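Should a chain be cited, it is by its letter among A, B, C and D, assigned in written order, with residues numbered from 1 in that chain.
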Amino acid sequence: MGYLLNIENLETSFNTGDGVVKAVNGVDLVIEEGEIMGLVGETGCGKSVLGLSIMGLLPTNAEVKGTIAYKGLNLTGLPEKEIRKIRGKEIALIPQNPSTSLNPVLKIGFQVAEVFHLQQRLPWKKARQAAIEMLRSFDFPDPGKRAEEYPHQLSGGMKQRVLAAMGIAGEPSLLIADEPTKGLDALIRIQVVEILRQLVLRTSATMLLITHDLKVASCLCDKIAVMYAGEIIETGPTRDILSLPRHPYTRGLIASLPSNGLVPVRGLSPSLIELPAGCKFHPRCNQAAKDCAQKHPRLEIVDDGCKVRCLFNDQNCKPEKKLFHGSFQKEAG
Amino acid sequence: MRGVLTGDRYVWQKKRLNRTFSALKENKLAAVGLIIISVLVLMAVFAPLITLRDPYEQNLEIRLTGSNEKYLMGTDQFGRCLFSRLIYGIRISLTTGVISAVLTMGIGVFTGLLAGYFGGIMDELIMRITDIVLSFPSIVLTLVIAGVLGPDLKNIIIALAAVGWTKYARVVRGSVLSIKEQEYVESAKALGASDIYLLCRHILPNCMGPVIVIMTLSIGGAILSIAGLSFLGLGAQPPTPEWGMMLNQGVPFMRRAPHLTIFPGLAIMITVLAFNFLGDGLRDIMDPRLKSKLFQKF
Amino acid sequence: MLRYLLRRILMLVPILLGVTLITFSTMHLAPGDPAELILRGRLGGADPPRQAVEELREEMGLNIPFYVQYGKWLKKVIQGDLGNSFRTGRPVLTELLSRFPATLELALLSTLISLGIAVPVGIISAVKRNSFLDIFSMIGALLGVSMPNFWLALLLMMFFSLKLGLLPVAGYGGFRYLVLPAVTLGTGMAAMVARLMRSSMLEIISQDYILTAKAKGLPYYRVITGHALKNALIPVVTYVGLQLGWALEGAVIVESIFARPGIGRYLHESVFARDFPAIQGCVLFFALVFVFSNLIVDISYAYLNPRIRYEKGME
Amino acid sequence: MSRLTSGKNVLLLLLLVMCLLISGCGGNKVPQEKSAEGESPQEKIPQELVIGSPWTPKELDPVSAGWLVLRIGLVDTLVAIDYDINLVPGLAKSWEISSDELEWTFKLEEGVKFHDGTPLNAEAVKWSLERVMEKGTLFKDVPIKSIEARGDYTLTIVTEELFAPLAAILAKGEAAPVSKNSLDANGEFKEIIGTGPFMLSSWIPDQEAVLVRNDDYWGKIPTLDKVVYKGIPEAATRIMMLENKELDVAQILPADAVEQLEANPEIKVYTKPILRSRVIVLNMLREPFNDLRVRKAVNHAIDRESIVKHIMAGVDVAASGPFPPTTPWVNKNLQGYPYDLEKAKTLLAEAGWKDSDNSGIIKKDGKPFTVDLITYSTRAELPPMAEVIQDQLKKAGIQVNIQVLETGAAQSLREEGKFDMYLLARNLGFAPDPSYYLMSDFHSKNTGGKGWGAYGFNNKHVDELIELTQRTTNLQERKKYFAKLQEIIVDETPVMFLNHYVNVTAVRSNVQGYNEHPTESCFHLENIYIGE
């Protein structure tokens, strides 16, 4: 089939004291071997939950339905023991928040070496050596000394690199990078993008890049899936999505980029407890029609490789002027 | 001016109170604690109706009998009804516990307000004193103060207050420091409200949440301490039906009449447990940090 | 690190001054003339002659201002002279030192017991939150907190010594004498530590880095023992220092019940007998142990928590 | 989603191991029995005795702790007391009084050595007694003029005037001779070196004294190799320790433990009347007990028989006067104060105390009859006795507030006069001559505050009679004086006599030869051995 990961009709919800939070609502997503898929959306749209659903790292009050087929193996409902064999070795996660995702009381050398020890069955001494080498390859000056340091002694970018090193240390087939640029200032963001780019080049890994930052996604990804309120609303090759966005939300996202004048999408993202009926986006959509409030659109194939979830995708499917231009580096420089 | 400033704050506080009560209903342990305490209070108030016998009346002919149809829990070494004494003991334990907790809180809140509101030398002085008092293991200091003043329940209460106020002082001071900067306090000040008015009307009510939690928890602690010091012979004097002292008096008869040891201890434990249940529950309800944590991570 | 330590020790000076001041004042809190009390002690209860009282007042400097008296007393205390016990006439310091081992043994073993019970229970409770096991052990912990330790001591004595005859009722000697007192104290402490351990663990396992550890594919127990435990223990260790103080407090009651010749019992007897030099000695001793165990805790906290260790050291 | 896998099991296992460890620690430490009797006949039964007493060994200088060192056999006295309370030779083989009745000459036992090997001779005794005169309080009412060594083994004590109880006073432990080496270079007491059947091996102040046999003892050489004397203030603890084989002898137990102890086949219980009474000292220096009628009324309001029957389990004897009926000098005609609540109320009413407002508490001039009763807990039976008395007096409309204190604290309240009633157990016979007790407890010289006797009692007639007994050697005459004294004291009742002590001591059944001395002056450990 060629699919490394095939997610079908994934639904993830949480039972909380305030009600059932529906974070992921019927997501279908295909990631092919060797490609980089960007999962883009506003904060709180469920994209991180999607990542954690794949890893089986959700808290106990979560409920997961649907299938996540990894190399033909359904991960949902897999016993903890089995899914643990997948984690780190097959699918690795580069978690968000580098500042809090490293254990403050353990030396970073150990934290990286642990993966080598665990996943590549290296004895501790060799694992440590491998960890230092790995840190060196991430441009750590004096990695032997750095390995003896604690996370709080590192800068934000360094922490991110340590996390990236931990991610690829197990030589996974699929790497999920969760918001690697969130909360970072521009300079570090460039660094991180650079790290990821190197990563991709080096490992030729398949990657799922979860980000709210369309620009980062555009720099790195082969394909982009745009997520809104727990649903994929548009997916396709990066160039197509950027040059020919078919969904009003995607267009809104593109318009809100700094290079395009920072025009935000109006309104607030909906509460995941009480989702609007019909098209989830209609309360915020400036093209919404009567039907939008009642009919829930399906994700339909509109072009080669492109899918969109909008009742009016035909009308909208017309080439517009290039909304997005320029590369990441240029702008940041 | 008063009406405008206090009106919606009053409503807000009332709302918060209501919320606390409904939360209390949900928190099972706290509810159990509250129920036990209510039952204890009722038993204390209606002690003469519940018990058939005078807790002080000796009947040496029937000393140290076990539980029987006449005496629910048997008799003590003077032939007094143990059940009556335990029930009347609730009065002693609850009143001394509550009085000492309230007194402690009063001193602590007062000093905390002074330190937090006026700051400066006053603050420095009070905080240094709390540092020093907190450098003593509290029971040791309580024991010494109570002992030096002489064996008496009253002296134990004084000693407990003299040692325990520090924890309130610190909490209240912290709250005051943060509330003082709030807008409504600033505006009231600008409108010419006096210090005392500000303290009583705005600052004090807003410190009370944590204070009430600490107090509930410390009533249990106070009852435990009072019983302990009485056990050591520094508290109640005979024939007061104080549980700690009753326990101590029962020790010589541990083999022959174990009920004299078991029941008073059980009474202490249940009472303290009830206050701890309630206090724990109140803390969970009132400390939003703790509550939200449960749902924070999805 | 050194500077942090120095600063921390410097901060002790005003506290120690205050502690000694309060200790010194206890004698003046009591009704009656201290000189007369001392003389009575020396004469085995006989009425001291007026003149002797006056002489001693002069000698003790009771006729000079309070702060001068305090200064003189403090000077002696610093030189290790805590005065002589009213009851026995022997130096209080000697008495304290001879009793210290009994109390130290008790405090250490009970702390050990409490940690041995509380840490695993706290971890399991946190990991299996809201399970039957969790609720059961947390209610158990609340029971432990609410149980009067003198009652527990008596119940243990009733069962293990009187009923089963396994352990001695009271006294001081080998390990057998230590078991019941230490279990009594340890149980109460365990209840508190278990609660703390649980909440600390709960807090830690919701941290991002635990997610990271799990994402590495670590087995859950390795996540807990390797990644969560060290972090979760930090507040617990802090608490254990306070616990040592708590153990000393409990020693007053437990040593009295089990007739252990420790400092707690000594304090109880001295208070009962109004033996002021002895009371002052005990109070000072307890406060010093308390203050210094807190200091040690702070240092070990800094050691456990690399953030403090380095930042404070580097500034 | 279950996230608990093997991790859970590991943790559970950990917990289990910890529990096992802890319980294991207790489990394998079962106490070994002290003697393995009957198992191997050739094995010698260890001759070790552990005594539990309420009194801790605080100090060992005979001058202040003579009672203790004599009890445990570290010292001997010149004059000893036999079990019938007669004065018999001790370190002094014989003694006589000169014809002018002022010189007492003691012939000392020859060849006696102190524990350090130095000989006991007249010089040594003289030195010791002079030290007592200088440092102690024993001789404060004794008109000693001089102590002289008239020969190696002849000691003479010269008195200013005739002092009949002198020999009896020398039987007190305080007067026991010790070696000069007991003092250090500065003249401070360092260690106890006496002549007794046992020597001190080690001593932990306030806890225990360990004694070993003195193989060179001049008298009967003890069988016991080692004796441990432990101070355990709580009676309940002593009983439990005895039952748990931690003690061989548990002394001074509450009477109501007798039944329980006798049911135990491994324990023998001794009940022995001793020269000690439980009394209440009344504060005669202030209201309300400065009124004789009130004192008499309170006496009638106390049901002594009931106290003995219930609190003392019928073991002790209700008192009608200061001395127990077993003593030779008791006045058998004394009626005492029989329980009579009506009479008490009448007397109180006569004195102006009436329940005018039916509150249950009697009043005079609007002031309620509220009194403080002080007692201490080292003698376990005193606080409960106080509670019964509190209840009994309540029936007469008297409100009693009890304060249970430590012995020393109680004593100092008494000395400051801050009490109305002081309940205590009073020894009458440390010196086996009632003159000594009457002097210290009832002579106006000694009722000002310190001491254990009457408080504020000042009766010229009593003073004269006491002085007469000190100056008379004629037994019949003395007996007459004692009878008269008892009569006055009971009538004036500065002290209420409640009951006479019957000491309860329990020993493990293999302890042989334990015999409580009626004056409690000595345990005579040399007669005790371990065996069937």
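Assorted remarks:
Simple rule for what comes next: a contact is a pair of C-beta atoms (placed from the backbone, for glycine too) under 8 Å apart; a residue touches a chain by one contact, two chains touch by 3 or more.
Quantities reported herein were computed from a predicted structural model and do not represent experimental measurements.
Two chain pairs are in question, C-D and B-D; the one with more C-beta pairs in contact is C-D. At the centre of the protein atoms shown, by the Cα-centroid criterion, sits C. With each centre defined as the average position of its C-alpha atoms, the distance from chain A to chain B rounds to 53 Å. With centres taken as mean Cα positions, chain D sits 37 Å from chain C.
Averaging Cα coordinates per chain places chain B and chain D 44 Å apart.
We define each chain's centre as the mean of its Cα atoms; on that basis chain A and chain D are separated by 88 Å. In chain C, the positions touching at least two other chains are 157, 162, 219-220, 272, 274.
Of all residues in chain D, those touching 2 or more other chains are 3-5, 234, 240, 405, listed in ascending order.
Taken residue by residue, chain A touches two or more other chains at 58, 62, 80, 84, whereas all remaining positions touch fewer. Within the complex, the chain A residues that touch chain C are 52, 55, 57, 80, 84-89, 92-93, 95-97, 100-106, 114-115, 118-119, 150, 152-153, 163, 166, 170.
Interface of chain C with chain A (complex): residues 207-209, 211-220, 226-227, 230-231, 234, 304-307, 310-311. Against chain C, in their complex, chain D makes its touches with residues 3-8, 10-12, 14-15, 18-19, 21-22, 25-27, 29-31, 58-59, 64, 137, 204-207, 230, 232-234, 237, 240-241, 243-244, 246, 405-409, 411-412, 415-416, 448-450. Taken in their complex, chain B has these residues touching chain C: 29, 128-129, 131-133, 135-141, 143-145, 147-149, 220, 224, 227-228, 231-234, 244, 247, 251, 254-255, 258, 261-262, 264-265, 268-269, 272-273, 276-277, 280, 293, 296-297. Of all residues in chain C, those touching chain B in their complex are 14-15, 18-19, 21-22, 26, 29-30, 139, 142-143, 145-151, 154-155, 157-158, 162, 202-203, 206, 245-246, 248-250, 252-253, 256, 267-268, 271-272, 274, 279, 282-283, 286-287, 290-291, 294.
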